[in-house]
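Next, two complexes with chain A in common: one pairs it with chain B, the other with chain C.
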Partner chain A sequence: MYAIEVNNLTKSYGEVRALDGVSFAVRRGELFGLIGPDGAGKSTLFRLLTTLLRPDGGEAKVDGLDIVKDYLAIRSRVGYMPGRFSLYPDLSVEENLSFFAALFGVKAEESYDLIEPIYKQIEPFRTRRAGKLSGGMKQKLALSCALIHRPSVLFLDEPTTGVDAVSRSEFWDMLAGLKQRGITILVSTPYMDEASRCDRIALCNEGRILGIDTPADIVSNFNSRLYGISSERTFALLEAARAQRGVVECYPFGECHHLVVDEQFDVAQFTASLSDFNDLVIKQVEPTIEDMFIKLMKR
Partner chain B sequence: MRTFLVLFQKEFLQIRRNPFMPKLIIIFPIMIMLLMPLVMTMDVKNVNVAVVDLDRSTTSRRIASHIEASEYLTLATTTAEFPLAMQALEQGDVDVIVQIPDHFERDMISSTAKRISISANAVNATKGGMGMQYVVQTIARTLVELRGEKSPIEISELVTIENRYNPTLNYRHYMIPALMIILFILVCGFLPALSIVGEKEVGTIEQINVTPVSRLTFTLGKLSPYWLIGLFVLTVAMIVARLVYGLAPLGSVGLIYLGAALFILVISGFSLTIANFSETMQQSMFVMFFFIMLFMLMSGLLTPVDSMPLWAQHFTIILPPRYFIDILRSVYLKGTTLVDMWQNFAALGIFAIVFNTLATLTYKKQA
Partner chain C sequence: MKGNFLSFVKKESLHILRDSRTMLVVMLIPVVLMILFGFAISTEVNNVNVAVVAPERTDGVRDAVERISRNDYFTFKGYINNDQIDEYLRSGKVVAVVVFASDYDRRAAQAAAGVATKPIIQVIVDASNVNTAGSATMYLQNILLGSASAQSMFETRMLFNPQMKSAYNFVPGIMGLIFILVCAMMTSVSIVREKEVGTMEVLLVSPVRPFKIIFAKMIPYFAISCIVLITILLLARYLLGVPMSGGVWGIFSLSLLYLVLSLALGLLVSTIASTQVAALLVSAMVMMMPILMLSGLLFPIENLPTFFRVVSNIVPARWYIDAVRKMMIQGVPIVAVWENCVILLGMTVALLGVSLKKFNDRLE
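And now, the complex of A and B:
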């Protein structure tokens, strides 16, 4: 049985189609990632699944319950951490925690074993106002509050946006720990490098899902040779490389450009025709999820 | 029940933590009650009078001295030339001109007597009108006095005046209940709306919406702190009215609290409803302001409902403060009992139910 089943879900805001026929299913105990840029419809999907919005069409089930008919029952079974920090900034850490516990009709202590690995890191600051916490600590508090009623499904909308690299990595360790306890987690992120921490990922763009697979399989389906090229004259190189024979795609990728090529491509010929870039470096690289994303998006 | 208590407690905690709110709740009523009654007065004082004395008799001098002695009138100048007085009126130095004609004293008893003429500057209609009246009264009193001295027969005054319930016609006693209502409208009308829209802006309402908390519990949790704050504000205002202006209710204090308890529910339910339809603070504030103008200017707080045009009088039926001002003024000044005013309480009760039901129904946990 699936923890989340989404079938052809659509949602529009006026003229704008935020979700355009999205379907996927998340297994119980799975850590499932929604990867995509801003405006891909990730937050809308979260708001639909947490019953904050009603869909225009299609259907979805969370924990076996319909998001339209059984919305009340869903609310006590899911935990939701919105993209924006939305706890009470003028209440302290422990006040926020016991407030949300009470709203769900539980006592904070009853769930302590579940949240302990996360909460103990912010416990020294339990009397501090939530608004005065650092980004990483806010995120840990928000996660603790989302877990306080022992939800079976956890929705995390861009939990690591605006958080430093170390805290981000720690956060994914915490998610792995929660997964161990059987909680199904749906998490969205605009950072492709975080995708590899998920069991499976869905690449989404402009309200559609481009592909769903494990991070490893997504990459192995790339099926093209990929080179990284670099030179001092970055922009000129990008223009020149795009004009060469056998080059399907050339796009900036961090410090170098990534070059997607077909079978007509020849490295020697490529270097020869770009001889005026005397510092040109070209080497074959392994494709990443981001390369796959760009490939699917262009298709 | 436990959920309600938690929401209630959280709301109070937030108010207390706010660096500005607790001060506002205490200082605001004291300031309004201390300051406003002093400046909001319809009593006209310092009316400048010019006497154009063409008669130059004992009578005319007596009139002038009585004007000078009056609490409300100031004798600005005495002259024998009307144009001079008129010039002063045009320059704004004088508000009322009294012209006493030639041979006024001599002809006073005959039927052909020339009349005293009074001209007033009525640009400020209240000051002109009231000033004129004071002058007429002063002159009439002087003449009665003079006649009494001349004729051995005692002439009694034909009209006697008594102001019931507010014997000294103290405008402050009339205004203080209105000020209390204005306080409720400002404190209990604005704060709940700001609190809800604030949660929308910060995003915390979204976190509440994914919990199983019911709409009614949430609305009650938002409402009740302001209910208590409103009653606190009333207590402060009543104490100030008693200590500073010596105004204590003639009727039962319990009735005042009962009316206030209902009225605060009405006004905060109204405020919550507006907040439910607003996305931003500006939006909710602007809409609230519009209604507060209606409430303040049309409910009979400042001007009597009875002197409005008939259509406006009918319109006031849907303005809740109208009922509460009736209750407050009657209990404070007349000592009216519940039996005589149950309709006002019933109206407030109905409004309380309607607005709070609306507030609950329009609060959407789902878009």
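And now, the complex of A and C:
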């Protein structure tokens, strides 16, 4: 049985189609990532699955329960961490935690074993107001609060947005630990580099899912040669490279440009025709999830 | 589940206690308003300067002057001549001048004997302040007509508030205003804050029904309002000397009903508004303005144009203020204002019904 089943879900806000026929399924105990830029419909999907919104069409089940009919039952067994910080800034760390425990009718101590790896890092600050915590600590507290009632499914909407790189990495370690305990986790992120920490990912854009697979398979399905090219004259190079024979796609990628090519492409010919870029560097590179994302998006 | 209800109340109380500035404002506003309306802003006439023109200072004139100067509301500024009247009034040295005819005593005696018409006393008043002029004239009339030598033409007696103290009138009005302020405005803002900050999203994704959380929210505000109510009643009784002859318990129970009504009103506002600013604006426009204008707090309902008089019927504060005024000043028991009670009760039930129906346990 799947922990989350989504079938052709649609949702519009007036004229705007936030979700346009989304389908996927998440296995029990899986760490499933929704990867996509802002406006891809990730938050809408979370709000639908946590029963905060009603779908316009399609259906979905969480833990075997329908998100429309059984919404009350779903609410007691999922943990939800919304996109923005949603704890009480004027309450202390401890008070926030015990309030959320009370909200779910449990005692904080009963779930201590589950949240301990996370909570012990912020425990020294337990009397501090939540509003005065650093970004990383706020996020740990929010995760502790979302876990306090031992949910079977955890929904994390962009948990690492606005958090420093070290805390982000630590956060993914914590998620791996929770997965070990059999909790199904649906997590969204705009950062492609975090995708590799998931068991499976869904690439989404403009309310649609472009592809679903394990991070490794997503990359291996790239099926095209990929080069990295760079020069001092960045913008001119982009324009010039796009005009060459055999170049399917050329787009800025960090410090260099990525060049997607077909069979007609020849490196020697390419460098020869771009000889006025005397500092041109070209080398074959391994595709990343972001390359795949761009490829799927352009399709 | 009882335990967790209490922990919601505790959490809400913490929010309020930590926001010490708001807390201070809520506790101080009633006191400040009571003192302002009770002492500083008053429509009663005090220390009215009066001069007297009397060609002959006969016994009758001296008797009248004695009465004026003995009265707390008037200050006798001395005798002046006919031609000084204009200058005294213009310069503001006096507000009123009382003019006696030279044959005042003789005429009074004749009038008493029934052989002549009553003597005429002229009162010249600076009417640039209508309130002062009106009240001063009336007081003067009372004092002068009461003088032994003059024969009374009529007698006015002020019941319930013989000194026409304005505090008596304002206390019920302030109560009507302040409870809306504390209950309706603060609860609506605090509920809307949860929506705005995003905590409502987390609260909704939990097994607890939202109205339970909302009721837990109302309890501390209800408690604060009770403290404010007691403060106002104590101030009214002991600082302003409002009689409350109708019994404090009647006033107290009616006020509790009004508190619940205000909370329901706040809940309704919170279902409409989605930001704290909007909640504040709605509270200010939809609640404060009608209370100030249409509840009889500032202007008597009877003086309103017909349209507004009809509209005033749906302003809860109108019924509350009216009932409290009757109980506080006329001293009638609560059963005498049963109509007001029934209307307020009906409004409370209707408001609670509508707001609970409107309250959404989803985000849309």
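Operating definition for what follows: the second predicted complex is superposed on the first by the 299 of 299 C-alpha atoms of A that agree within 3 Å, B and C clash if a C-alpha of one lies under 4 Å from a C-alpha of the other, contacts with A are read in each partner's own complex, and residues count from 1 in each chain.
Throughout what follows, contacts are C-beta pairs under 8 Å (C-beta built on N, C-alpha and C of every residue); 3 or more make two chains touch, one makes a residue touch a chain.
Note that the coordinates shown come from a computational prediction; the quantities given were computed from them, not determined experimentally.
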Superposition on chain A - do chain B and chain C clash or fit: clash
Partner chain in contact with A:184 - chain B first, chain C second, else both or neither: neither
Touched partner set for A:95, first chain B, second chain C, both or neither: both
Which of chain B and chain C A:160 touches, first, second, both or neither: neither
Those residues of chain A which chain B touches in one complex and chain C touches in the other: 47, 50-54, 72, 75-76, 78, 80, 82, 84-91, 95, 99-100, 102-105, 145
Complex interface listing, chain B residues touching chain A: 2-3, 6-7, 10, 13-14, 17-18, 202-204, 206-213, 365-367
Residue numbers on chain C that touch chain A, as the complex places them: 1, 3-4, 7-8, 11, 14-15, 18-19, 197-199, 201-208, 362-364
For the chain A and chain B complex, residues of the former touching the latter: 47, 50-54, 71-72, 75-76, 78, 80, 82, 84-91, 95, 99-100, 102-105, 129, 145
Residues of chain A that touch chain C when the two form their complex: 47, 50-54, 72, 75-76, 78, 80, 82, 84-91, 95, 98-100, 102-105, 145-146
